[in-house]
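Below are structures written as structure tokens.
Both complexes below contain subunit A, partnered by subunit B and then by subunit C.
Let's look at the complex of A and B:
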């Protein structure tokens, strides 16, 4: 009978938010960094730096990409791509840091490098954002339909997609079967 | 057993048999499925009313649509409905299949289910309690008694229009028409 052997966590080391802030600030230029309460760090970076910062953070111990999400800032004509990272490997639970990395891309030509070489689970988040917002991820070869069955002229989660008009033109235009006989 | 019904049992045995053995297939589309386990298990025990969950739509004659219907699930619903043997009854469950509910302006949720498949009854609410399901079943009994739960006949008669509506939302359907696409067909 096989015995259960718990995995030893090797990379664990204490990490403080202030220390991390200094290190990132000295390595990367053109970023703004803010520490919120509860060990939460916000980083706002340029879109060219994203892969460098992600690989740096992964080596630091942030081994888990929780989420990639997207926000449509229509008045500023920008999409905001948000990466949320955390760590399973740090031994001390209280010193675990929640890291939120944000970047902006223009709405006219939304394109950004894919995070696939660093985090494998980025594939499905990127496919979802590609489908719902139309942001193109350079380097992700599987940007094929994920959830939606219909094709939309404008991706449906963009702010300029008028859902009411769409519903009016499609679902409301379908008549009850009883009315069709007349 | 109700003594008044003995006459009916001799006169319409098949109809009475259908009435008291509604085998259900649940289409777990939305949040409504959370009300189904207490209904079919010991607490509310829907088997008192002859309602038994079955594995596949091919065994069932009652189809419960529990929750909102997105475009992708509509395709699966139509396929499952066409698999079911006659006589079959459909009950829309919750306010979303009735008129869209809180998804009334959603880009991906169809609003009126009865424009794509015939629906015999609705249970309104968001979500209805298990008691409401049981009341719905007893209402369906009276409809079957009076011969008003004839959605499956209507589907055959007006299949052309139903198919038209389905293709308007889903695009060209990849399966063959179930019935000939004529104006109407005589049903016994």
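Let's look at the complex of A and C:
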């Protein structure tokens, strides 16, 4: 039997992450940058800058939009839209960097530009967030219902939507079937 | 002359050519599909919201229901997310057990995939064998975890219990029994000229489009890119074992199913290597009392390679005993929505099931 030679785990060097940080920092103003452990780069930007930063990062090789997510920070009265980008490149160190780009929009009038011109697969993520959180994506013409069947007063993934109360109100109002054998 | 007109057809959710509860609205002209609109939601149970009401450990029985065929990668990724947020280390032996367990699950899932595809094309013999062989793997899971389909075996900090006595030999014996049938599978299904005729050139996608639409897993590897999270960002014990990532160039249904077959064989080799290398020791690092476990504020994005491709989890904690926000990035989401819609446009109506099953889509993963 052949002896095993453990593969050396290639770690993305701190250099490339730092270089990227410098470049983004010099190009875009009013953003907060943080490099965390394991080459996670967190960027907090204004919502007007998002498209510019996304297209800059795509040209830099971060061509894989993993996820667009939304977090409801109800105490700050804000929604946080989160874009997670990685790279399809394999040999390059970039493939180990996760870029987490975040922006905040107000809860009263949640609206942001759609990422569709840059990433084609953004369409469904945006549809999902529109349906579950009520965030409007300007430029996405297909914000039609994706999962849900019923109409809700509050989009159901918001923090002020109480699932348990909703279930109780909905199903307790249906009378149980009478047992005729009694 | 008959005037050509557009017709709207509803395909699914109760349809013979459809695996899982998922439907497509097709606009057809003659036999050609003009437009396809994917319509998920029949299995939307709102797990991500329900998880915000349950504490960190209570969520394990929920997450494994996201992928019914292979619940193990989802357990793994949720455990990895919790470990990352809480800063928990995993013992070395548990890493090996996790890798073996995940590879067994991959073989089981691929056998199910082979069943679905062979059954759909009418290769009933190979399909029945695949189902039988999957059952042998479920027997292994039953002995190890007590459950056949949902195992809830991986815990934050390791795994729930060590291998029982004689379990290693049982794994080897079962895998040898399945491996011995590969020539039969090849003769009846994979190398069958009829299979080639039905699958070659169906649902063809090129590398550029695949990347643009966020393809991962077999769909991407069938277009020639060697993209596998086990290589890109090794987790568990994958950095200690040598394995190949099968790829093909054509990007059609035929290549995708062949990759599934090659991956199964690669996984079996990997399990044998891992079994030989497994160290002795603990399998679980103690974690705090689950009822009082508060995880420090923070956020994590972790990813693993499930049987269908790259699986991601975005997990946010605000310092409470429950997660603040959970969001799964599942491979079927991109394969079943944008890519399926794209591939169906211009296809023949008789190829809908063929394309969908060859993309290896599983409906509960889309809906969550």
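What we mean here is this: the second predicted complex is superposed on the first by the 159 of 182 C-alpha atoms of A that agree within 3 Å, B and C clash if a C-alpha of one lies under 4 Å from a C-alpha of the other, contacts with A are read in each partner's own complex, and residues count from 1 in each chain.
Criterion: a contact is a pair of C-beta atoms (placed from the backbone, for glycine too) under 8 Å apart; a residue touches a chain by one contact, two chains touch by 3 or more.
Only a predicted model underlies this, so the values are computations on that prediction, with no experimental measurement involved.
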Check the residue A:150 against both partner chains and state whether it touches subunit B (first), subunit C (second), both, or neither. first
Pick one for A:177: touches subunit B only (first), subunit C only (second), both, or neither. first
Counting only touches as set out at the top, which of subunit B and subunit C does A:163 meet: first, second, both, neither? both
For A:84 in the superposed arrangement: first (subunit B), second (subunit C), both or neither? second
Considering only touches as defined above, state whether A:100 meets subunit B (first), subunit C (second), both or neither. second
Quick check for you: in the superposed arrangement, does A:67 touch first (subunit B), second (subunit C), both or neither? second
When the two structures are laid over each other on chain A, which of subunit B and subunit C touches more residues of subunit A? C
After lining up the shared chain so the two structures overlap, which partner does A:123 touch, if you call subunit B first and subunit C second: first, second, both or neither? second
For subunit A, give the residues common to its interface with subunit B and its interface with subunit C. 147-149, 156, 163-164
Subunit C contact footprint on subunit A (complex, rising order): 1, 4-7, 9, 40, 63-67, 69, 71-72, 82, 84, 88, 90, 95-96, 98, 100, 119-121, 123-124, 145-149, 156-157, 163-164
Would you pull the subunit C residues touching subunit A in the complex into a rising list? 40-41, 44, 46, 48-50, 53, 211-214, 225-227, 231-234, 239-242, 273, 276-277, 299, 301, 303, 310, 312, 314, 316, 324-325, 327, 329, 333-334, 337-338, 367
In the complex of these two chains, what residues of subunit B are touching subunit A? 70-72, 75, 100, 104-108, 110-112, 114-115, 118, 154, 158, 161-162, 164-165, 168-171
Touching residues of subunit A toward subunit B in the complex: what are they? 147-150, 152, 156, 161, 163-164, 166-167, 170-177, 180-181
